[in-house]
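Heads up, the next two complexes both have subunit A, just with different partners, subunit B and then subunit C.
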Partner chain A sequence: MRNISSLKFCLSVASALVLPLAAFGQGDQAPAAKPASHMESHIGNLTGNSDAGRQLYFRYCWGCHGPHGDGNGENAPWVTPQPRNFVAAVFKCRSTPTGTLPTDEDLYNSIRRGFNFTNMPSWLALTAQERANLVAFIKTFSPRWVTEKPGTPIPVPAEPKLTIESIKHGGELFQKLECWKCHGQEGRGDGPSASTLTDSNDQPIRPYNFTSDNRSKCGSTNQDLYKIFMSGVDGTPMPSFADVVKPEDAWDLVHYLRTLQYNNPSPELTLWESTPEGKAIVAAKQVKETATGSGFKP
Partner chain B sequence: MQMKQVVIAGAAMLAACALATAGPNPAGGTITGKVTYTGTPAKMKPIDMSKEPSCAKMYTTPPMAETVVAGPGDTLADVVVYVSAGVPDDPAPSSAAVFTQKGCRYIPHVLAFQVNQELKIVNEDQTSHNIHPLPKLNREWNKSQPPGTPPISEKYDKAEFIPVKCNVHPWMHGNFAVMKNSHYSVTGDNGTFTLGNLPPGKYTITAWQESYGDQSQDVTISGGETKTISFVFKAKPY
Partner chain C sequence: MDVRGNGVNWSRFRLGTTLTASAMLLVVLLFACSSASAIPAFARKYGMPCSSCHEAWPKLSPFGQQFKDNGYQLGNDRDAPIFQSPAYWPIALRITPNWHLEHNENTIVDGPNGPSSAVTTVTTRGFDYTGMDMLTAGTLAKNFSFLLVPSSDETGAFHFESANVRFDNVFGSSWINIKVGKFELDNLLSEKRILTLSNNGGFYQNYHFQPWLAPGQAEPSYVFGIGDNQLGIEWLGHSANDRTRVSAALLQGTDGNPDFQSGILSYAGRGYEGFITASQGFELGSLGLQRVGGFAYFGQAPTYPEYSQDGAPIFGTGIGNEPYYRAGFLGMWTFRKLDVTTMYFYGHDNVFLATGTPSNLGTAGLPEGAHAPSWNGALIETNYAWSPQLILINRYELIRMRQQTLGGAATDTYTPNPGDLGNVDALTFGFRYYPFINTRAGFAFHNEYSIVWNRKVQISPVTGLPIDLTSSSLFFGIDFAF
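And now, the complex of A and B:
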């Protein structure tokens, strides 16, 4: 840690003096890039403007995300998970590979959709243009938007036909890839490693509980599910599987994951319950007593 | 800002070229020494791998945590000793630095390599790992590596000490030391290090230990001499 702070100090000295000789020292990196004061966003036909986004940000967003965009707004101490830090520019919901910046559209979708199970609401009340302006403004907080380009989105091929074999193969992958280590054998987010998980800020974090809902944090469609495990959820323990799962296998996994959401009707669940095996598995999962085990009978 | 970067990079390259054409000093100086500690380091606890039987069965006695690795004679292993000032940045070597997951541990525990050098991450276990380095200056990524999948190839473009963890196996913890130049050494069990082939000049030598932080000292080398220095860390009992 001390090394990093000394590095930062040396960086500032180097950038102040601009001594070519400084390129020989420990803290000798070229002066750090600064965030842009103005940014645009492009979502479909919309062009967002950060100057217009600034006004919206300081009306709707800064209470949690803070005046400096670092996630330290005045509400932040009471918010779990923590508000996103736009200065670090590590984003959870992306269509792009792990470690890369999201596309403008990814950020736009996050603002529009909100984050289920968190304090971030859906901003449907804003116009599309306003959301695009906010996307542009969010990009003025980090120099990463100056030095890097968003990643190339991971291709999502057309969804193949839903079959029992696809669901079963997805179940095998759930075992083989050891998704259950965190998400649990029944997808309840209670796997053996679940209680030890922390995010990149050392805050405890829970794996997604598939039985709780059918809307995951990064979207509710099958395409969204596909993207989540392929791109990984950066800043959290959820890794990217893009290098190790073939596209056709990924779709099988999506089909299986839907059957874990046994409280939420889906074509996958209906098909699964039409087989004796699937029906028995789903029936066994139904919670018949309260969570506290008080013996309540509905 | 861009212009400044170009100027500095250009100056560095010119200087590097000048050094290269002069040729490395065959009788370059050497800095060698030992890293030790005073006081009582925290007692390392045995790692409970019972949640991962495929790894637990690889050990007759449970392996110990490695946040402080003390050797005989109060020496410290896994300390990165490097030239932090006085030498130009080096281009990355073509060889890859290899980081292996074996028995649900990282081998080596501290892997030092250069900026933009290829980093190869290998899973030799029969279980899925996720490799989750936690940099502050570099890009943060997190990748799954099930058994039998090919090595992951990555690189870092900024010098930094980066903690690495596996979220599936919370006891797994290691470090990447991304270095600016090729003058670095990671101490072994006997705590010794050697930084060779240094032309005459004044250098700042820094030693970094993951729990105890870093310390530096200046060393002047004239001709082909060998200078012996030592680093002493104050051990924390917790």
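And now, the complex of A and C:
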């Protein structure tokens, strides 16, 4: 009995000495945050509930995004670009600064709009409440939603008056900021760097082709265009220009980019074509569209 | 109590063993399955699980309905075939091996007094299989799509259930979509996507009902079912989110049959028919999407043909057209996982059609006491989608004759029909369990019981009085599509 008591005493002393040391050794490593098991989303008057969203996710989404939300669904190997990884929580279409989490409304709009030229369709057929529920559930995959708050939306000042000068100035910025290196001089997404671009998954990615009549991934309005190059498209080579472009310049760039969309009538294109210079440039760049969206010069 | 040998209670032992085995089987069934599909070719094309487009296949979800209305396109500019692997072939097959039991009460059979002299109950049962659908559908190019469904009965005899091409989003508008060929009418409650499969429950009674001329005598002159696929051209318009849907179709009066053949007498008219439908969906908080709508079919059928020299009717020459119509209202109500469909249905046939009388004979040619028959119908179907893998199904339909063809008071020369002749009550319930849901194929254990009461539709050879015909089906099937 005495021997056993001695052994217990020794173990206790050893534990008392070793455990604090072990804890001290790990003291500089903060315990990894875990994703929340329940989240809400708030979009306007809607409050989304992740528990309800879970049922929707496992009806509609898991095939691509995977049961764990890591973008590794059973269909993921055949999808290009790869499905969004909700665990990493890096999102392309945001109204918030680059590197920050998007707002609930950003995610809601992405689900509603879908993404052209990807396997992600528009989920407009779902009810608004269902989409809000899905937003809430998506947020349960990543600890980022526990440790960080969404970024503050980038302010979008009122759009200045459209003028020929603003279009021309936008064209100058297109050159100065070297947008053409990826998007090409005519905006066809065929710039000299285009073939080398990869996304954050090391997958080849094609710059947006302005000349196609397809809307861009993150929306079709001038405000959406403005937000794209002020917030950047995280996870892709498209950076944020918020630090280098003034708001008024950004609007000029928006006006110019619209003139590249030959197959998508806009006030900017109409105004541009009303000038001899603009008309000649558009005519020179005009392409015939095929049913697939690729163009060729006749 | 069964106690033998060394004192073991064998009865209790067997019970325990059975319960344990059952529990283990249930556990295996539940956990061997992961997470479900109707045209798996679409699932393969888009990499989406069947449950995206189907509440439980083949029944469409709102997302699936929008996909269909948009010409089998998701609208993300990846719909055209050029974006698919050249090896992709948009074909799916569906068939259902099954065991089923058919129970028919008051069946008239041969008896001691000769042919058709006795009434009995006939029950048949055994392993069987259904007909097969080959489903090919998709896009030919952006906004050009097609559906082709060669379909066979269980003997292998083929016909074309659907064959149509579509022009979608004409002029860039979701309000202009044109379909030409043979297609299912834009029925808000789709019979081609019905969740039940048995002989009695595998169709909507209201969609195919035609009044009886007299007990034992079906309406003789034409065949029509609003649930049948029809030949013609359809315009469909819908809002971007599919909440508002309207359609109108101009149809050939052949009930979908080719070569101008139709009906019992195998002749069809030169007339056209029309079908219109409209519905509006609206969101009700967290309950889900609700929809209300209406439909109307305006038909006409010939009452006599032109004849060739040898006295055979010439296809497509039917004349003496007389009208018939069907109309109804639908409500599709969603309460989260529970959805309830309610339908009111009204039908009316012209008296010449109902009595098989050539209209050129005029009213003098009609049987005594003949009226244009009309009837009311109703349906309530409740489905509870426990999960994408399990759906519970229940449906009740009724049909009540409002006016019999041979109605009115009896006279010396004719006997009027019983007031409830042809009335129908039909009850179906069951469940479908999808052990797995994936983006490649569909599989379901289908279990169903259905019973139909047809009132006074035959004459008892024993009593000489009208009697009911009651039919029921028990169906256990393995429904798969690949």
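What we mean here is this: the second predicted complex is superposed on the first by the 258 of 298 C-alpha atoms of A that agree within 3 Å, B and C clash if a C-alpha of one lies under 4 Å from a C-alpha of the other, contacts with A are read in each partner's own complex, and residues count from 1 in each chain.
Keep in mind that, in the parts below, a residue touches a chain if its C-beta (ideal position, glycine included) is under 8 Å from a C-beta of that chain, and two chains touch if they have at least 3 such contacts.
Because the structure is predicted, anything quoted here is derived from the model rather than measured.
> After the superposition on A, what does A:58 contact: first (subunit B), second (subunit C), both or neither?
Touch partner of A:58: subunit C, not subunit B.
> After superposition on the shared chain, which partner residues are touched by A:74: those of subunit B (first), subunit C (second), both, or neither?
second
> Is A:193 touching the first partner subunit B, the second partner subunit C, both, or neither of them?
first
> Tell me which partner A:124 touches in the superposition: subunit B (first), subunit C (second), both or neither.
second
> Of the two partner chains, subunit B (first) and subunit C (second), which one does A:90 touch, if any: first, second, both, or neither?
Only subunit B is touched by A:90; subunit C is not.
> I want to verify the contact counts: of subunit B and subunit C, which reaches more residues of subunit A?
B
> Quick one: which bits of subunit C touch subunit A in the complex? Just the residue numbers, please.
Within the complex, subunit C contacts subunit A at residues 35, 46-49, 51-52, 61-63, 65-66, 74-78, 80, 82-83, 141-142, 240-242, 283, 285-286, 288-289, 387-388, 438-439.
> Across the complex, what residues on subunit A touch subunit B?
1-4, 6-7, 15, 18, 20-26, 28-31, 33-34, 90, 97-100, 148, 176-178, 181-182, 192-193, 196-197, 200, 232, 234-241, 243-244
> Can you tell me which positions in subunit A touch subunit C when the two form their complex?
Touching subunit C from subunit A are residues 52, 55, 58-60, 62-64, 67, 74-75, 78-79, 114-130, 214, 291-293.
> With touch defined as at the start, can you tell me which subunit B residues reach subunit A in the complex?
Residue positions touching the partner: 1, 4-5, 7-9, 11-12, 15, 51, 84-89, 127-128, 130-132, 134, 136-137, 139-146, 149, 152, 158-161, 167-170, 180, 204, 206, 208, 213-214.
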